[in-house]
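Please read through the structure below; I'll follow up with questions.
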Amino acid sequence: MQLGMIGLGRMGGNIVRRLMQGGHSCVVYDRNAQAVEALASEGATPASGLADLVAKLDAPRAVWVMLPAGRITEETVLELAGLMAPGDTIIDGGNSMYKDDIRRAAILREKGLHYLDVGTSGGVWGLERGYCMMIGGDKEAVDRLDPIFACLAPGIGEVPRTKGREGRDPRAEQGYIHAGPNGAGHYVKMIHNGIEYGMMQAFAEGFDILRSAASEDLPEDQRLPIDVADVAEVWRRGSVVTSWLLDLTASALAEDPDLDAFSGIVEDSGEGRWTVNAAVEQAVPADVLTAALYARFRSRGKADYANKVLSAMRKGFGGHQEPKAAPAGTPAKAPRG
Amino acid sequence: MQLGMIGLGRMGGNIVRRLMQGGHSCVVYDRNAQAVEALASEGATPASGLADLVAKLDAPRAVWVMLPAGRITEETVLELAGLMAPGDTIIDGGNSMYKDDIRRAAILREKGLHYLDVGTSGGVWGLERGYCMMIGGDKEAVDRLDPIFACLAPGIGEVPRTKGREGRDPRAEQGYIHAGPNGAGHYVKMIHNGIEYGMMQAFAEGFDILRSAASEDLPEDQRLPIDVADVAEVWRRGSVVTSWLLDLTASALAEDPDLDAFSGIVEDSGEGRWTVNAAVEQAVPADVLTAALYARFRSRGKADYANKVLSAMRKGFGGHQEPKAAPAGTPAKAPRG
Amino acid sequence: MQLGMIGLGRMGGNIVRRLMQGGHSCVVYDRNAQAVEALASEGATPASGLADLVAKLDAPRAVWVMLPAGRITEETVLELAGLMAPGDTIIDGGNSMYKDDIRRAAILREKGLHYLDVGTSGGVWGLERGYCMMIGGDKEAVDRLDPIFACLAPGIGEVPRTKGREGRDPRAEQGYIHAGPNGAGHYVKMIHNGIEYGMMQAFAEGFDILRSAASEDLPEDQRLPIDVADVAEVWRRGSVVTSWLLDLTASALAEDPDLDAFSGIVEDSGEGRWTVNAAVEQAVPADVLTAALYARFRSRGKADYANKVLSAMRKGFGGHQEPKAAPAGTPAKAPRG
Amino acid sequence: MQLGMIGLGRMGGNIVRRLMQGGHSCVVYDRNAQAVEALASEGATPASGLADLVAKLDAPRAVWVMLPAGRITEETVLELAGLMAPGDTIIDGGNSMYKDDIRRAAILREKGLHYLDVGTSGGVWGLERGYCMMIGGDKEAVDRLDPIFACLAPGIGEVPRTKGREGRDPRAEQGYIHAGPNGAGHYVKMIHNGIEYGMMQAFAEGFDILRSAASEDLPEDQRLPIDVADVAEVWRRGSVVTSWLLDLTASALAEDPDLDAFSGIVEDSGEGRWTVNAAVEQAVPADVLTAALYARFRSRGKADYANKVLSAMRKGFGGHQEPKAAPAGTPAKAPRG
């Protein structure tokens, strides 16, 4: 079927490519004219702007917006809403905050427009592996666009089937779900990223302790030099922590166990933060997901003032002077409290 | 080749079975005579005690001890050491603390005995899937017993190969490694379990927040009823959190999304605790791994006194009375601090 | 001077009493007529509603709203705004969210009204000890109402003066500050409560570990029976943790070291949650303040589903059966991962 | 009475001074001859070594060892034990690990010697304010040396008395307690320091969030410039977080709210770590105390490798490049998971 795509970055562009490979036709637009031309040369219909894109689609239209979360997505969705007709559908495939989806969907509903919030996982691997999609919105629009989602999804592949799923929604094992009403798609994607943070941090801490077993701070007869690349590899087979994140870690460590190419400054996205906010709002303790987020803040030196406050207090009660450079890992000579 | 096995519980018994399926011969002993008979009926040579087991093995002998960590393993290893001859090898395949390995290995070395500490992952699935093994000890013994480890390991299977591993130890992709000197095997296994705790807790918190999106504590237009079983299933394909633990979660949720069969009282093993101790000793921040451990403590009501102290202070400064039953998730009517 | 007070609960009522003791005159209103009568009998001027209260005050008026945070405060402030005249001031002395203050103040400013957000600490002790106040809003209104704040504040008392404060705002050592523009008052109060949570949890955990030193789970020669009431008392003199919260803890433990009167179900207020939200928004790692909040959630059984997910996974990979009752503190017999 | 003191650093020296001011006589020794001379010039009896010190004391002797925890304390205590006679007492006033106390006391008991472990809080303020002491050991020795402890303790001072302590041990309100058998003294001191870490971190995080309210990362109309020095000061009166640590913070912030003299590299002592170990051993969740410890580790760059692992994974699944410099606090443009 036909789909309009706004935003032709890595994600939007590859979604168009996978759809065209699946026999669908796409009308595409991006502020960057070169990105439009590139996809036009691969078979997409280029559009010169939102109005042009809408005009080139047959009703009932479906337009996928694949832009960074925030103002640009908000403005694009609302501008599109002014150009489209009752029965048309706007899909936000980006990483919007789920409460924004609930709000926007209500606005569009009054105009007779459908709105779908689609959490999309897959990253740079999506074109090849397919995209895992979590869709929020009304059943009518989700069902009508099923060919699009089915084409983008990874499909059942070689993943073993889960027992006891007979009678449950078959789309889940194809790699996409109708998660619920508007907001549910991005909510599920948000939680996915929250869990991702937690899992990543679990691996990061584990490999850090693993590597520090060879530390010169330890007594010599207690030091354990361990090949972290081999450890990551061995855990890929038959262990409990087998996972795609472990595969990636094994790859990176095989290339360089010291990871010298990295500085260790780690960004975070909105979704990790919103997960914590949702946990707090719903009074669900989320110690691990939150600690993982804060570890990223700390990686960026965001606790510097807090640490200075600690130093100031320590000087105040114990006369402790700060070390000029970071001290070794073993405890200092028992400063007193 | 030939192996003695002491301890024929679920792990020990299945290891013997997998070895016999691979053409190896085993002499077996357990305090429980029925366990010995059962394996004898499957082809193992029964032994009536440690001395008998040692007598039935040809030098250089190898005896695998598969008992709960702690005193029983300690006593068995030391008693065996008194019965064996220089050149023989004792394998501790249980979950011993790595510092105990370092200590024991030194004792055995003086008697000319080899000691291997083998962290073994695989649980109830090991017989079929193979065991992921992390081995600590001297090269001579590890190499001599390679046929045993190769047989127990999962093998390369259908897991895609990691790029850039050319020239690295090929055993890792078979599912076993010589992790380093004594202690390294159990150290790596300990970290494995530590990471496992963190990953499990990440999933647990994520699914909890997911499910609470439908909470009646939320305003009605903000509630999102989400099918957690479908979510677990869809993430198995193309998402970043794809993992064996997710597979298991999908299975459990397909059976019953409410998990009513479980009470939520979660035990912990020594290894989760030792991971935290190692992090503390080596000054590696392990917020996620530690929070995961503490969440298990809390699941068992281990913070009750701490909570009473909080209540006592709240009564002291604010006159707050405790609710008779746990209050709903939304904040109370702004008690004052 | 003259002040209107709306909301005559424990806080509002005692603020009126302290003001009248200081020679100020108060016009009071509460939905509960008995509360109005009670204060009228102590010298306050009763009002029958918001309009009556406004009518009984001389311009420029000042009305203090002391109601639970949320809709009731919002509605009262906006209704009052419709009844008051340019130059008048509305004070929100409750625990409103600081972003609500910023929003409300903008609305009132357009009508020529002043708005002050006053974070008020003191609880049940305020009438006697005075109230610690953190005030947000424009200088004109803060300065005009200084006699009110000065009267309510604790004053310099016997607290030793801080060196180096010469030239700084003298109000701080009287126990009140003009914290900044609108929102700043409640923001500072919010952080105060966030810190309070962290400190309380630090004590709670410490006393829990202290008490558990006598646990029967420990080897007999390692058990340390410690009198927690004496410990709390001794730390009140010359230790680093000397604090009012410790005083309260010492009091409670002197009464009953086992705290049997408490169940350990701990509520939380909006401010602990908003502190976490602010930390997340501003990318400040707040591990301790957040852990303290989550510990309260956990005290109310809010992690039950998460714990069931853990149990389901453990059954999945290890065949672990949950204990019928919570196990003892020492690790179980090394369940395997 | 008479006391020997070994170790004349800041703590040991001032303890001797306070004792001499109280009319007691001290025999002193330190490896540093100048330290010995200095105290001799103030009235102490100098000793040239352990044997000389023991010789200069009358039986039953009492020798206080005030050295850094670890090998030097261990060796000194054992050497002293060889020089002393049945009925004598050795006091370890340093920060030893409580399990070392339990072990050492058993060794000394066999020789008829008493051993007291005395947790001592007071830091640089102890000479003037007195020392808060927590004593572990047998009643006989604790009672015999009561004049020493009573002299060193702060005394009841101006701290208000706790209701309900009638009939309880009166020493607690003097600032010292007999905490229990050997080990209990240092155990209580260890917990004290653990709580201290948690409280300090609570303040540090709170002031960090407070200060970041003025961050340029926030929308301009949401920024709140707040005078942190005034906030610290105002909380000293009538607030719930009133404490000595707050007094110290107020002092430091009055001097420089930006704390530019500090780098924010924060050391930790053995006691913060042992508190976590004790919590883990006794299965008491200690999220706050542990997070406070880990924050110190992170302040010293101890998570660098963990952070690199995160970056490597992010590159693996999302093609994310690390920022060259730390990004601002607001979320990046929604990188995708």
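What to note about this one:
As written, the chain order gives the labels A, B, C and D, with residue 1 at the start of each chain.
Criterion: a contact is a pair of C-beta atoms (placed from the backbone, for glycine too) under 8 Å apart; a residue touches a chain by one contact, two chains touch by 3 or more.
Please read all numbers here as calculations on a predicted model, not as lab measurements.
Across B-C and A-B, it is A-B that has more C-beta pairs touching.
Centroid distances built from C-alpha atoms place B farthest away from chain C. Rounded to whole angstrom units, the spacing between the C-alpha centres of chain B and chain D is 37. With each centre defined as the average position of its C-alpha atoms, the distance from chain A to chain B rounds to 29 Å. Centroid to centroid, with C-alpha atoms defining each point, chain B and chain C lie 44 Å apart. Each of residues 121, 123, 125, 192-193, 196, 201, 203, 205, 207-208, 212, 240, 244-245, 251, 268, 273, 281, 283-287, 291, 294-295, 298, 300, 302-303, 306, 317, 329, 337 in chain B touches at least two other chains. If you check the complex, the residues on chain B that touch chain D are 240, 268, 273, 276-277, 280-281, 283-287, 290-291, 293-295, 297-298, 300, 302-303, 306, 317, 337. Listed in rising order, the residues of chain B touching chain A in the complex are 98-99, 102, 121-123, 125-126, 129-134, 136, 153-160, 162-165, 168-169, 171-177, 179-181, 183-184, 187-188, 191-199, 201-203, 205-210, 212-213, 215, 217-218, 221-222, 224-227, 229-231, 233-247, 250-251, 254-255, 275, 278-279, 281-289, 291-292, 294-295, 329-330.
Interface of chain A with chain D (complex): residues 10-11, 68-70, 94-95, 120-121, 123-125, 192-193, 196, 200-201, 203-205, 207-208, 211-212, 244-245, 248-249, 251-253, 259, 262-271, 273, 287, 291, 295-296, 298-320, 322-323, 325-327, 329, 331-337.
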